[in-house]
Structures are given as structure tokens and as C-alpha cells.
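There are two complexes below, and they share subunit A, which is joined by subunit B in the first and by subunit C in the second.
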Partner chain A sequence: MTERDANALRAEALESLLVEKGLVRSEVVDAIIRRFEQDIGPMNGAKAVARAWSDPGYRARLLADPWAAIAELGVTAIPDAPLVVVENGPAVHNVVVCTLCSCYPSGLLGLPPSWYKSPAYRARMVREPRAVLAEMGLVLPADVEVRVWDSSAEMRYMVLPERPAGTDAMSQDDLAALVTRDAMIGVARAGRPPEVGGDS
Partner chain B sequence: MGGMHGFGRVPVEANEPLFHAPWESRVLGMVFQVVGTGWSNIDAFRHAIERLEPATYLGVGYYGRWLRALETILVEAGLLEPGELEACLAAAPARARAAPPTAPRHGAFTGVLRPIEAPPRFTVGDRVLARNIHPPGHTRLPRYVRGKRGVVHRVHPACVFPDTHAHGLGEHPQYVYGVRFSALELWGPDAESGSAVHLDLFEAYLTPVGGEP
Partner chain C sequence: MTADGLSLRTPAATADEGATPRRRATLDQSGPTAPPRRNGELAFAEVWESRVFGLTMALHEAGAFEWEEFRQRLISEIAVWERREEEWSYYGCWLRAFEDLLAHKGLCLTAAVDARAHALAARPKGHDH
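Right after this comes the complex of A and B.
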């Protein structure tokens, strides 16, 4: 039996026991899973970023009081921990990590990817952020300051990436499609707009 | 594990699913309920993960750690007898069954902010030293900043203190400070240039630079 099979059996037995004891309800487990599968995820953070790019007043509110600004969007979010939005610019690049465990703005962006929880990312991002970013495909010029945010207490961090060039005419919905989860963690830039007249 | 060597490249999986097996999602849902309804608390859960034997910690994967830590906090809360789950797995009558619970030990989760009347000890611009302490229990003071000097860049509201809360010793809310440490201070001459690490540190972890310890 593999480790994963053993875990599956153990988790199933534990859930039966906890249901029997009245500590857990399986339909609540179902609802929690469904919430992360359907309602909460990077698409909600992407909406906030796209609006911040399009509306300077909203950008200021998102930086000053993130959860209140998120609430304006009418998306599903769980403001269960204080949220801090850090803004990238031409001279500053921000990137988020949790060296102690896996702290992440899950109430807005959903569950973190496995690499974010990996020992390699947790160990290395604080010590050699430029090297890790370069490995992940983001090479930063030497004159760009790298600010690493280690989520060591209960504040959760989201990066407001730079708006890509050539997107002035795009709608907020189209802009949101350029904002990836990785850009909001800070290991990538926002995507580039589709090339006009190029092969599709 | 901040700063440790030897883990190699960051393993990025293309088109990764939200869960790699259904049991992972069941464990997540159980932990959210047990912690969220007050049968245990998030700090006790994190401490249970940290107490895993190091080879186990690294070997069983993320949700493998969650599953084992969930069992630990249930046993410590008196909600599960040691061996009860094994008996269940062996389809054998359990020798001991934990008595049915009456009410959660903690209140339901109400967030981490706890306003306090005392003023913050530090202010933006203060130079601070992260204490060189090695408590045997839970702490949110990463090893790689202990004994290092930084600058307060933000004063956060007071929050529940995990170092006591994890052990059932009360919430003892205190201010949390955003502290910036230069890469040079943290890593010495091997540091990458032009970078800094920002941590959120509880007041009890900090002393003024040059001040009394």
C-alpha cells in the first residue's frame, strides 16, 4: 500500500469517527471544498487588480483598506485575516512567501499552489529571491529592488502587479484575464495582451 | 525553514489540480471545521505540524502533515483516544473510546484582531533587534531573523499571541510590527544585492537596538 493509499484510508476512517462523534458534518466538508473549487480563487483577486489598473480611486482604496475594496466587487471572499496589498513598480518588485508554514491570502485567492508550500520555495525565497525568481522565469534587472514578504504573523499579502504595456484600450474583463495567480504572489509578471493580427 | 540549503529547485507542476486526491480535500474540510468551531485552534494545529518528527514532516507531503496534526490535536483535546483510529482501521472494537464531547473548548474562530488599550512600544522608523530566543513550544519568530536588526516600517493592530494561544495559555494580544531586514543583515556577504525581507513580528519578539534585552 502506498503512502497516499494509507492516507486515504486513514482520512476516511477519521471522518467516519468524527461524524459519529458529532464533531464534523460531511455536508459541511463538502461545502468547504465546493467553495474553494467554485467560488473563491485567483479570478477574484484578478478582478481587483484589473479595476485598480483602470480606476486610480479604486487603486488607492485597495492599497489603503484591501478588504473593503474587495467587498465593492461583490465577489465571494472570506476576510478571515488582515490583508495587505503591496504594489509593484518600475523600481520595486514584491514577492510573497511563508517560511513557517503555508500562510496565503486564501480567503481571496483560494488555496495556494503546491510549489508555494514546498520546502524549496519556503527555504530559498528569503535567501536568494532573484535566483528563485529567475528559475521560475522572471529575471529582474539588478537595479530593481526585491521586497520579500514572509507571512510570519496573521497578515496576508497580495501583490498588485504592474499593468502590462499595450493594454490602454482593454476592458476590465480583458485585463483581468491577464492577471494570473503567480503574478499576485509575485513570481511572474501579469500576462501580455494578445497580439493584434497575429496567428491565433 | 527560511534560509536552509539543499532543497533544490522549486517544483512547479503545470496545470496543477486543486487537490491531488479526494482525501486531501476531506482533510482540509475536517481541519477547517475542528479549528473553526473551537474544538482546537489554528495555533495548536500549527504547533502539532511543527512537532512532527523531521523526516516524517518532509516525507509525508502537505496534507499528510495536516492529517497527522489533526489526529494530534483531537487526541490532545480528549476527542480521540490514542489507538481509537487504528482500531477503527482494523475494524476491531476499540479498547477505549473518547467520551462524546459536550462543548468546544475554545470559542468559535473570531479572527485574530484584539484591540488593546496599551500603546504600541515601537513606532515606524524604530530600529529593533529580533530576540535571540529558542522557545521549545510554538512561535512565529523564524529562526533566520533571531539576533538580527531591522527597522519597523508599519505598526499592525494587536493580535492573538500564538506562542501562548497554541498551548491553551490564553490570547495575550499584543501589537505586531512590520519589520524590514536588509538581505546583508540576514545573510552576510553572500546576500543577493538590492533585496530586503519583511516580517510581521509580535512585540514580545523585539527589543530596541542598543536597549535593554
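Right after this comes the complex of A and C.
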């Protein structure tokens, strides 16, 4: 048995014992792993969005030459494919899909979520984006134009979401915490600022 | 808590999954005790690595131990590894640190893990997942 196999067995043994003792539930462990993979993944994109919200000059550079603007942040994202940043506004909502496979700006957003890779999302987002967005919890007014961008190996897209109201006094770091992966794919809005007096 | 989003928030999308943390750990971002990362997200080469990571976080968030208690053991295990000539495995060190902590706390004794691992290893082929 290799060292790795031995580790895998011990990890499985630990989980089964801790579950039996009632110290953890496997579903909680699942949720934590998911939380880390989703929450930490989109950090680079979130930093770029937060800076664009705070700095009009940076916003212009991010839209004009995304990879150069991202390099300014000092992050280690590798420009693996040409990138277009599409900006949401009061009259336009952008959403990204990859109809052929699962092309995705991983350097900015981490690993793609499983639904992004699902046949239903890939097929339906192009055909009926409003219905799919509504099912995902984002109901858009009828007068907002929906633009669907089809990613490919040659071109990736990232959504620059609208800055939420009530965030004027927030620092870039705090703003970045409101920018979720889903908001940068275009299936959600950026988060709301925490309640005043909240401890999180 | 770090400024660049590495604090362990529960995003809105997963807030309904019953894993609301009682407390939060701040993972080291650089140096030998920082977990491997690819493009910002934690990098797990194998499933067991993610399981042992998730188990550690779950018990910590449930209040079973202080993060520093684990972190000091992880630092020790990495130092032990440096004196040996083994293939580097960050999560191998993590696993040993976690086991040591559990035994120290009386939550799960090493002998019990040995016995369970032995039993799992004896499963017939095809029943090992």
C-alpha cells in the first residue's frame, strides 16, 4: 500500500468514526468543501470588480483591455484566453454561458460550478435566458435587455455587475466581499452590504 | 480575518445548507503552513484531501478546538517531514496534525483510527468506495 492509499484509508476511517460519534455530519463536510471552492475561487475577479466600482479610470481600463487591467492588481491569474468584460447597467443585463462545453475564466473565477457545466444550463440559457435566470432567483424587469454571451476557447467573458446601493462608504476590500462568482457569471446581482451593527 | 476575501464567509448561495459557522478560521496564505492554491482556490489533488480538510473545518466551526491548536500541530508535522526524505504531501501533514489533535482532545483515539483503517483495508475489491 502506498503512503497516499494509507492516507486515504485513514481519512475515511476518521470520517466514519467522527460521524458515528455524532461530532460531524458528512453533509456539513460536503457543504464546507463547496463553500471553500466557491468562495475562495472568484477572488481575483472580485478584486477587479471592486476596484472598477471605486475607480472610474480602472473601470475604463478593465473594459478596454481586461487582462492588462487585471495584471495591475498584482494577482497571479494567467491570461489563458482573450477576455471580454461586459458591464451591467440599469437597462442591460449580461450573462455568460458556454454552449459547447464549459469554457470559463478560471483564472478570475476559480473552478466553474457544476450547474454551469450542465446540459440544461448550456442549452436553455441561450433559448430562454429570462426563464432560466428567474429559476436561479434573478427576476429581471421586462424592459431590461438580456445579453447572453457564449464563451469559447477563443473568447472568455466576465460580467461587471452593478454596484449595489448603499455601498458608497465601503472600502475596496469590503466591496470585493459582495462580488460573488454568480454575479460575475451574470446569474445573480452583487450582494447587499451587511446590516449596520451586524457582526459579520 | 484577512482583507482580501479569504475569511471563511458563507455566501448567500450556500447559506441554506446548514453549515453556518459558529466561528471562523483564517488559513495562512503564505509560508509552509499555507494550503496549496491554484488561481486562488484551494487545490485538492485527491478526494481524501478535501475530506480531511472539510472534517477539520467542520469540527473547528462546531467549537471542538481553537484554530491555533491545530495550526501549531501542522507546523510541527511539516517540520517533521522536513527531517525525512518522503514525497511531499501537504495534506499528509495536515492529516497527521488533525489525528494528533483529535487524540489529544480525546475525541478520537489513534488506536481506533488504526483499527477502523485496518477494517476498511480488508474490504473486498469493488467495495472500497
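General remarks:
Simple rule for what comes next: the second predicted complex is superposed on the first by the 154 of 200 C-alpha atoms of A that agree within 3 Å, B and C clash if a C-alpha of one lies under 4 Å from a C-alpha of the other, contacts with A are read in each partner's own complex, and residues count from 1 in each chain.
Heads up, the rule we're going with is that a residue touches a chain if its C-beta (ideal position, glycine included) is under 8 Å from a C-beta of that chain, and two chains touch if they have at least 3 such contacts.
Keep in mind it's a predicted model, so treat the numbers as computed, not measured.
Of the two partner chains placed by the overlay, only subunit C lies in contact with A:191; subunit B stays clear of it.
After overlaying the two complexes on the shared chain, residue contacts for A:154 are found with subunit B alone; subunit C is out of touch. Contact with subunit C, but none with subunit B, is seen for A:43 once the two complexes are overlaid on the shared chain. Legend: residue contacts after superposition of the two complexes on their common chain; A:168 is shown touching neither subunit B nor subunit C.
Using the contact criterion defined above for the overlaid structures, shared-chain residue A:180 touches subunit C, although it does not reach subunit B. In the superposed model, A:82 lies in contact with subunit B only, and not with subunit C. Of the two partner chains placed around the shared chain by superposition, subunit B is the only one that A:127 touches, whereas subunit C remains out of contact. Judged by the touch definition given at the top, the superposed model places A:107 against subunit C, while subunit B stays out of reach. Residue overlap on subunit A between the subunit B contacts of one complex and the subunit C contacts of the other covers 3-4, 7-18, 21, 23-25, 28-30, 32-33, 36-37, 110-111. Residue ranges on subunit A touching subunit B, taken from their complex, read 3-4, 7-18, 21-25, 28-30, 32-33, 36-37, 80-82, 99-102, 110-111, 113-115, 117-124, 126-132, 135-136, 142-155.
The touching residues of subunit C, counted against subunit A in their complex, run 3-6, 8-14, 17-19, 37, 39-42, 46-55, 57-59, 61-62, 64, 86-87, 89, 91-92, 95, 98-99, 102, 107-108, 112-113, 116-117, 120-121. Those residues of subunit A whose C-beta lies close enough to touch subunit C in the complex are 1, 3-4, 6-18, 21, 23-25, 27-44, 46-47, 75-78, 106-107, 110-111, 173, 176-177, 180, 182, 188, 191, 200. Interface of subunit B with subunit A (complex): residues 1-5, 7-13, 16, 18-23, 25-30, 32-34, 39, 46, 49, 58-64, 67, 70-71, 74, 79-80, 84-85, 88-89, 98, 100-101, 109, 111-113, 140-142, 144, 156-157, 159-160, 162, 176, 178, 186-187, 191-202.
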